[in-house]
Amino acid sequence: MVVREENEWVAVSAQPLRPDDLATWVTRADCGAVVTFCGVARSTSSFEHEIVELEYETDVALAESRIRDVVAVARDRWPVVRAIAIHHRIGTVKNREPAVVVAVASPHRREAFDAAQFCIDALKRTVPMWKREVWEGGSAWSEDAQDIVDVGDLAP
Amino acid sequence: MVVREENEWVAVSAQPLRPDDLATWVTRADCGAVVTFCGVARSTSSFEHEIVELEYETDVALAESRIRDVVAVARDRWPVVRAIAIHHRIGTVKNREPAVVVAVASPHRREAFDAAQFCIDALKRTVPMWKREVWEGGSAWSEDAQDIVDVGDLAP
Amino acid sequence: MSRLLLLGPAREAAGVGHAEVDGDTLADVIANANARFGVPFVEIVARSRLWVNGEDAPLDHAVGPTDEIAVVPPVSGG
Amino acid sequence: MSRLLLLGPAREAAGVGHAEVDGDTLADVIANANARFGVPFVEIVARSRLWVNGEDAPLDHAVGPTDEIAVVPPVSGG
């Protein structure tokens, strides 16, 4: 699913992520700063195995709706931010590939950094998404899970 | 000029910048977070003109050496950061194109954000680089200039 | 009767991602789902949030055939 | 005699990016450069940092033919 509005582009899909596409899309003529965060599938975990890939699972409509809630709060907290794009990949994500990309454009860099960091912190706390770690010969749900909360309940 | 070491890639050149190349290059198998900052040429400035492009000028050897000093301090402050790439473009940079890209990869996101923000803040204070703003029918040095300082003299 | 949406570990423990489950309140539906799907599922429900149509709801919340109840275990996105 | 590196607005005011300038100290070299390049240059030097071989140096620093002196006006990178 993809929601693309004037200043907001949210997508949850099995397509490989292209960070530059998001960074280019958020950039407006008056923006001097674009901050892009990539959450990348990595080999290390709390399990004693070398992880080779991750499997992400969600209900796409619910996840997309909760990501849009994150974007709405970010736009409210940093009104100077011009545009925000957040894409989350589902299905298999191999090592070193991005599973989530957040891109934020702003006239100046401080707000771009702050809003991008807020978006990824909030996404991890508020969006229904489950990660299975896959190693040679086995797999398990990530132990790095937290109770889901509403974005309005996060500390300011 | 380009300095490419195991965990550090610094370049100052007239080539167009490719943020994804830096983000991909810094990513290591154990890195879950990659933060990329793009400083983008923008249309607005302190002058009463719509800026169409910027002209960056430096001594490449000096600029590259000072960027490497920034990277060294960042690596010292955030030893968990795995790799840092910083490229600065010189010559003409058109509106919406990046003039500078910083990419930082780390196992976790907090250090990646902090180190990336430090690198761009420090670069702007410590690297010899001059920006001319070009509008239809004229140009001038940017009024947004600060006395250069050594990276070791920045507040921690 | 409501539509149950089972996510992540809850989906795995139930063996299905969706189910139609009887009950006039959220509590009834969950009790019936627990009975149907058994122990691993019950344990996951105990540490999950329960949403009705995408929002937190109390256990005495009335539900009907147009409502979607989601079992939302602790999340690990990003 | 030292090699002078003129950067950004200093390069523009001098009309050249490099020059060979007489003088046994940093102060001498800058005084001779000021005399050679005239008023706009003098004003820019007054608000610039002066580096010898890439590092800050005091005005009485001795310089010779192998030293590079850089005039570094306020910067605006990024």
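List of remarks:
We call the chains A, B, C and D, going by the order they appear; numbering starts again at 1 in every chain.
Note that in this section a contact is a pair of C-beta atoms (placed from the backbone, for glycine too) under 8 Å apart; a residue touches a chain by one contact, two chains touch by 3 or more.
Because the structure is predicted, anything quoted here is derived from the model rather than measured.
Farthest from subunit B in terms of Cα centroid separation is C. Averaged C-alpha coordinates put the centre of subunit B at 49 Å from the centre of subunit C.
Each chain gets a centre from the mean of its Cα atoms; for subunit B and subunit D, those two points are 25 Å apart.
Listed for subunit A are residues 39, 120, each touching two or more other chains.
Of all possible chain pairs, the ones that touch are A-B, A-C, B-D. By the touch criterion given at the top, residues 18-20, 23, 27, 29-44, 95-96, 98, 105, 107, 109, 112-113, 116-117, 120 of subunit B touch subunit A in their complex.
Contact residues on subunit D toward subunit B in their complex (touch as defined above): 5, 7-9, 11-12, 47, 49, 54, 56, 70, 72-78.
Subunit A makes touch with subunit C in their complex at residues 39, 56-59, 62-63, 65, 88, 99-100, 120, 123-125, 127-131, 141-142, 144-148, 150.
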